[in-house]
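Which chain is which? They are A, B, C, D and E, in the order written, and residues in each are numbered from 1.
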Amino acid sequence: MLALYNNFDEAEKVVSELRSADIKGFNADDDLTVKSPIEHPEVEEFLGDKPVKVQWFTLVGAVMGGLLAFFLISGSQASFYSQMKGGKPIVPIPPNMVLTYEMFILGGVYITVLGFLICAGLPARRSPLYSAKVSEDQIGILVKADESAAATLKGIFAKHKALEIQEEAGR
Amino acid sequence: MIENDFDRRDFLKVLGWGGTAVALSGCGYTSIEDGKETVTSYVTLPSYVVPGISNYFNSTCAQCEAGCNIMVRVREGRALKSEGNAASPINRGKMCGLGQAGIQAHYNPDRVQTPLLNGKAVSWDQALKEIEGKLNGVKGDEVAFITGTMSGHAQALLGNYMDALGSKNHFSYEAVSPAVARAANKKAYGVAMPRFRIDKAKVVVSFGADFLGAWVSPVYFSQAYAQFRKGNRPEGRGVLVQIEPKMTLTGANADRWLGIRPGTEGIFALGLINALGAAGVKVPADIAAAAKDYNPERVGTDTGVAFDQINKLAALLKERTPSLVLAGTAAEGYAYGSQNAMAIAMLNHVLGNVGKTVEAPASVPFPQLAPTVGSRSALTALNAGLAAGKYKVVFSYGANPVYSAPAAMKFKDNFGKAGFKVAFAQYLDETAKAADLVLPLDSAMEEWATVVPEYMPAPYEGHAENYAQVSLRQPVMEKLYPNKEGSGTRSVGDILLALLKQRKPEAYKGFDDFYAYLRSAVLEKKTVFGAAAKDDNDIFWNDTVGKGIVALNGVTAKLAGRASASELALPAPAAPDAAYPLRLIPSVSASMRDGRNANEPWLQESPDPLTTIVWDSWVEIHPKTAAKLGIVEGDIVDVSSKSGSIKAQAYLFPGIHPDAVSVPVGYGHEAMGRYANGTGANVFAMLDPVFDKETGELALNETAVKISKTGARVIIVKEEGPIGGSQAGRKKIAVKVSAGKVDLTKEV
Amino acid sequence: MTKDIREDIAWAQINQDVMKSLENPRKLYWVILFAALMVFSVGIGCEIYQYIEGMGVANMNNPHMWGLYIATFIFWIGMSHSGTLLSAILHLMHADWRKPIYRFAEAMTTFSLMTAGLFVAVHLGRVWQIYYALPYPSERWVWPNFQSPLLWDAMAIFTYLSSSVIFLYIGSIPDFAIARDNIHPGWRKKLYSILALGWEGTDRQWRNFRVTYLTVACFLIPLAVSVHSIVASDFAMSQQPGWHVTSFPPYFVAGALYSGCAAIITLFIILRYVFKFEEYMTLPILKKTVRLTFAIAMVWTYLNCIEFASVWYSHDQVAKDVLIQKATGPYAPFWWAMIFCGSVVPFVMMFKRFQTNIPVMFAVSLLLNLGMWLERWMIVAPTYSHGYYPWTWDHDQWPSLIQWGIVFGSFGWFTLLFMVFCKIVPSVSMYEVKEMVYHRSQATKKKQLGIEGAH
Amino acid sequence: MHFSLRLFTLLAGLFLAAASYAADTAPKLTTADDLGPEVAQPIEFPHFRHAGDEKDGGMQINCMYCHTYARRSIVAGIPPVQKCIGCHQNIPSVRETPRIKQLFEYYDNNKAIPWKKVHDLPDFVRFNHERHIKRFYFQQDRPYQEVCGYCHGDVKTMVVARRQKSLTMGWCANCHQKDHPVNATSSETGHGPNDCFTCHK
Amino acid sequence: MSVSNLLENWSKFRHTHPVEDKGHPDWEAYPSGLKTDIKWAMAIDLDACTGCNACSVACYAENNLPVVGKEKYAHGQEMHWMRIERYWGEENGEFKAEQGAQFLPMMCQHCEAAPCETVCPVGATNHTEDGLNSQIYNRCIGSRYCSANCPFKVRYFNWYNYPEQEESWPAPMHLQLNPDLTVRTKGVMEKCTFCKQRTYVARNNARNEEREVADGEVQTACQQACPTGAISFGNLHDPSSKVAKQWAQQGVDIIKEVQDKDKEREKMEHEGKEPEKMVRGYRILEELRPYPSVMYLERVREESAV
């Protein structure tokens, strides 16, 4: 069930009420989603804290990239017919460090983005309950609930004069 | 190096270069390609030829008259590179750039490949028949033969041919030979070209003798020079003083270069004698008499060299003996050139060098093989004859008079007057173009010949004092243009032999080609050539060919007493003509010489040592003079004399006397080949017809010129950068140290 | 005080305005596009000729082994840096006035990097063997030489390019969603729905989005710095006088930001006109950008002086000679032109009335870029013609028309890419403008409330 | 979510695989043993007949009897026609076979046979037969079939020779890296030169 | 096994040549029996050099150098690996010819620590185990960084496709090309190789006969041509070779960037003492620490002469 609201204040009220009101067959933690046209941290506070795990991907990626770079480069220098160049050691540290640094960043960025896609569940199919308005200027509140809870929820939505309420039956 | 189990001619037949694949593809593709190329394979092969390993064949360089002994690297039938023959006393395994480029004369794309009659290709038979026809009913003295310096059996054949024709008119012409000096030497020492022992001298005073660059036998003299400069030889490191109006390569290597006013070399020499006398050196009476008026002050004013320098030089010469004084091209190129040369030669007598550093030369025991050294007077004589319409048939070989004769001589027109003109030519050069019949010549890599060096080297590595040598030239690869159906090239020897057969068939029918003639001629005299009578001919011959040098017991000439110095009379330097204030000095560069090798790209591309200019000729002007005329580097200037003018780029050059300008000879060919044509200007053409009073040699340096800007300006194509030869204050690039500071005695 | 942006502007309005830029720009757009195409094709023609004939046609020679190609290469690399500056650095600083303009700045980053990449290929003598320089396990057991600064370059640029592409893309996912929702059906709609990855703006998406965007931004800043200091090390690591300068890396970075900002001003003005973005790319924002640029110009000038000073007071006569030759030799006109454009012209930006004067700023920004291009050329060429070894000193070597043609072609190529991009991707970040508007209106509301409370 | 996780693991796996492969790869890559193209020769020279084993009707002639330059020159070379004739004029039994007829034709017209190169390395590569023969045939005293076979494959079973080894740089290097005993007796080993400049000209 | 190889031979891969000289890592390729410890080096006596250009032409002949012609020469695109430089004496900005000119043959100095090697992106130029600065034509991709970093500017680039250009080797001139070398194509850097093809043959002969390369066994083309024998070339590690003797005698040590004798000379000059007899060996741009393998001997001029 998707309800659209005009501004954040209303949306927040709705959310908080939904969470406080204990409705059978409706778990506010899992079944409640807010869709907004812009990034809006306040709403999330009302949704209760949900941790973000992207940083871990970042760490792994960066470290992996760095190590890979160093060993790949030094290893290949060692296996390159051990050619002497300009009186420098065959495996010189400074240049390898430069490249390690670059690969460190490269790995970091790539894996971070990968992490983002995973954590944000993208790419994903769009749910049928979606309104173009959300990408424009309205806030959508999407709830999943049993038939039994439907009426109550609708009530709550209506109370806060939702602009529009979409409903999808089944499941 | 070479085993001779295989007849050379057969060898060349089997070892064709045709099949050899030449790697031009370079580093293009990275994959291996099977079955694209063919392997070099032969029907039969001498055991000493191994694919992938080079053979070296000894021969003789033909790039100049020095006749250096070379060995040519041959692989899979291709001549690759000529290198010096280490056994040779002339060049001792070394070579000059000019010689190196000989290989390009051989492979030159502009060679004449078939006989041409009035520009149309004909077969050799037709060509020879034509000659015979033209010679019919022509009296002997109506035939003239102009050649360059010649020697060896080809010359002997030529002599025989001229005799057969009953002609005495063999003109041996060299545009830049030291003929005047030779004449003067004859008077001063009794021999035309004594052995100059630079390697024995402590001081060498050279009056414009460019013995490191283009004088007589440069590579040989370079060896001597190296000796002379060694600090660890008993005489210690030698001192070289060069006195000349325009700096030559030798001048550039002198400890002291004196830029003297052109033409006053003789005066300087006498002044020096005078100064030596003053310094207490014993001077023969007649010389002293001749030199007495030349006190340093006067000489200083005449020559433009500060007189204290003359005294210092005298002191040096007095202190360090033996010394050696040389008279070179620059000194002799004047109306009174022989006077100059004579005066300079006298110096050697005064300094007592004769017998010490001026030695009696040895020569080969066969006069008919000895070189006929070319001269410019020969051309004058021929020209006179031609002008008078005396000659019906004219042959030319190894000379390019149409190019190198001064325009004032009108040689080209006179040449045209001759009824029938035959040119033996490798290129279709100016003379060949003017000729009716052109006979294509083999290159030096394709022909058989014997060469007697113009300058016989001093004994080397345990040779006898009277060492003399005959050098052999042998084909090192199959002809590029073989004699198929009458076309192709032939060696001068073969041509002369064929011509002789027309005259005296019976005398020469024994020899089917020049090789056979040469072989038998040598074997005839094999005892003289150092073989025992009982030696097997083939072994001896193969051995000789393998060595490329035949050492002989030469005949040593005597140094005769000198002529009296009483007739030494040197005019004071003429006041410069107002209309033509400057003196033109045609300079002879080591690589370009008289221009016969101008079509060898390596020579065009290798920078002139002193100016670093490539691919063009130039006008050397002293910065002061240039400033006066408002000329800057790269200005196209018009250099004009009474008899002609050229346009060339100006180059400001510190090594030249302010009253002189210098233009290199050898450039500006109208016809020769893709590399020579139109590069630079031909300075021969504009020379004034002034001749040496005694020898009648054309005086090269007697041309007065004026210079004017044309307004055009170019960026000179040269090796050096915009700051010329400056080191921009950098410490350690090319470092010079004064001899007093270093200890050279213990150097390896 | 004038506001950076109207706070009462309706969000729907924002969508419409920006979406319009994808539909119908002004005529000028097509003119520019066509011109760019022409110039680019000239460049291509020259390159083909050079490819066939060999590098000789560019009229380089023995001392002058590198010419305009490398100079222009550095120029483009430099240009790329300001995008990062605006999007990443200012993002971390929460300077929200960047929001309307950072999108095209990032686009500029990406495309100038692509252009720079072209020059690597153009410059090589045997570009068909370029794969030799890639570190891949080959049958031959050979590897590129990791000691070579050129290889660091390649690595750095690759990292930078890919990262900034990703950054650009991540940043515009929500806008793709908007485009997807608002555009009429057609190939574009399909395209956008793919690019949007099914973005719905759920709280979960936003949450991760925020963190990711921040992280990548953090990575980009050191990366950007490293990239241009590595380019600098192409020269600083070498031994040549005038190149072997310690202060090169920071000097290059400053120069990079400088030229980048100048370029942003130019493009700002163009886009503003072409896409009718007066509402969003407002004069106050221009003013802020200009001030930023002026600051950086001063930094660059300072570093420039430092470089000269360090050369001048060192006892390295050779390096000194190069400097003198720059100021007096055949390159003097260009060198002084560089000083003028780089250090004198920016003072125009001090004056308030010019800061918002479109034509003046347009001209100035162009001059600045010219100056920065000259700077790069003046780094490369004079050292060649005046190195350690006097004999190899050269007359000033003048690039051939081929060389010039390829250089100009690169500008065409860049403009082409950029203009096409702006036509396909919203060049103003809609959702962020909304945020900007939202937060600012909130702020003012609070202020008013405060005032009323006082009564 | 799960879709993306799978994607992630897949990508990460690929990345790691590629990386470890790259880091540890080179030696494994050079085991090619492919066959070169058929090369049409002017005369179909039956190598198996000359060099082949007894049981296959071969005469077990040493490679270097004909390719005699291999031991003293950089190239192995093709024998001059004279060499073939030298034997074949005394072998009347095969005198009339078509190939031998061809051979004698060439000889009588004094024409060299335009053999095609089979093992044709690029022009910038320098392969020295002499060194390899010295090292493996004379010093290590291996059988000649083996020594020549390293690079030329099993020629003694072929009619017209055909390339059997890849002869690529990696293939050469693979062997140059190995330690080979100095000679038949000693235990001391050394590997081929590693300098690019030794083989690249 | 690159990584394991890396860890096993770490120390080998870390030593810097030539300063802490443990030689070239590849010397292990030669079992003790045939160890040929070679360092090719050259000594050029500027006093003997007359600047006659013979060496330069010989180089053209030996190394398949193309003739570029006037127009390209004008653009500075000439290809002479060996160039003869001519300097004048200078006095307050004016050239002085009184002591003649000063010639300097300049070719690749084969530096032990060559600046060109480190910067090549593909490793086409390396330090070989016999002490040459190699140039692998086929590996070169033409980035021209090596030349940019060469203080002597002795590297020459193939600006055009000379092998296929009509004027470089018009038939039959191509028959003269030396089969022991590649003909370099468009876009490749090249330079003096100390006549690698010759040293290669000499070394192979030596190893076939299981001996060391004798002094004078191999001559470079320029050395062979030089009419005054100003150039000497040989193995610096063979104390009996002429080159080694010269280097030793001139007090030039290949792995020093400042020679002791120069230190002393400086000290004396600093103390205002006149250095008495000195030796004349020096290396160009030594102070940049490329450790060149070519030693020059100062030209000597007699000041007392006139």
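The definition used in the following text is that a residue touches a chain if its C-beta (ideal position, glycine included) is under 8 Å from a C-beta of that chain, and two chains touch if they have at least 3 such contacts.
The structure displayed is predicted, hence computed values, not measured ones.
Trainee: Considering only chains that satisfy the touch condition with chain A, which of them also satisfy it with chain C?
Mentor: Per touch definition, common to chain A and chain C: D, E.
Trainee: As a test of understanding: of all chains, whose mean C-alpha position lies farthest from that of chain A?
Mentor: Using the mean of the C-alpha atoms as each chain's centre, the farthest one from chain A is B.
Trainee: Could you compare the number of C-beta pairs in contact for C-E with that for D-E and name the larger?
Mentor: Between D-E and C-E, contacts are more numerous in C-E.
Trainee: Closest chain to the overall C-alpha centroid, by per-chain C-alpha centroid: which is it?
Mentor: E
Trainee: How many Å are there between the centre of chain A and the centre of chain B, using C-alpha atoms for each centre?
Mentor: Whole-Å distance between the two chain centres: 90.
Trainee: Just the number, please: Cα centre separation of chain A and chain E in whole Å.
Mentor: 63
Trainee: Could you tell me the distance, in whole angstrom, between the mean C-alpha positions of chain C and chain D?
Mentor: 55
Trainee: If you average the CA atoms of chain B and of chain D, how many Å lie between those two points?
Mentor: Chain centres of chain B and chain D, defined by C-alpha means, are spaced 53 Å apart.
Trainee: Which residues belonging to chain E are in contact with no fewer than two other chains?
Mentor: In chain E, the residues touching two or more other chains are 2-3, 26, 78, 83, 85, 87, 104, 115, 118-120, 123, 126, 137-140, 182-183, 188, 285.
Trainee: Going by the contact rule already set, what residues in chain C reach two or more other chains?
Mentor: 135, 141-143, 145, 147, 151, 388-389, 391-392, 394
Trainee: Spell out, as numbers or ranges, the residues of chain D touching 2 or more other chains.
Mentor: 22-27, 122-124, 168, 173, 194-196
Trainee: Can you list every touching chain pair?
Mentor: Here the touching pairs of chains are A-C, A-D, A-E, B-C, B-D, B-E, C-D, C-E, D-E.
Trainee: Can you name the residues of chain E that touch chain D in the complex?
Mentor: Counting only chain E, the residues touching chain D are 1-3, 26, 28-34, 126, 128-130, 132, 134, 136-139, 180-183, 193, 196-197, 200, 204, 207-208.
Trainee: Help me check something: in the complex, which residues belonging to chain B touch chain D?
Mentor: Listed in rising order, the residues are 19, 23, 25-27, 29-45, 50-53.
Trainee: Per the contact definition, I'd like the list of chain A residues that touch chain D in the complex.
Mentor: 68, 71-72, 75-76, 79, 81-83, 114, 117-118, 121-123
Trainee: If you look only at chain D, which of its residues touch chain A in the complex?
Mentor: That would be residues 1, 4-5, 7-8, 11, 19, 22-24, 26, 173, 194-196 of chain D.
Trainee: Which residues of chain C touch chain E in their complex?
Mentor: That would be residues 53-56, 59-66, 123-127, 129-130, 132-133, 142-145, 147-151, 154, 234, 237-240, 384, 387-389, 391-392, 394, 397 of chain C.
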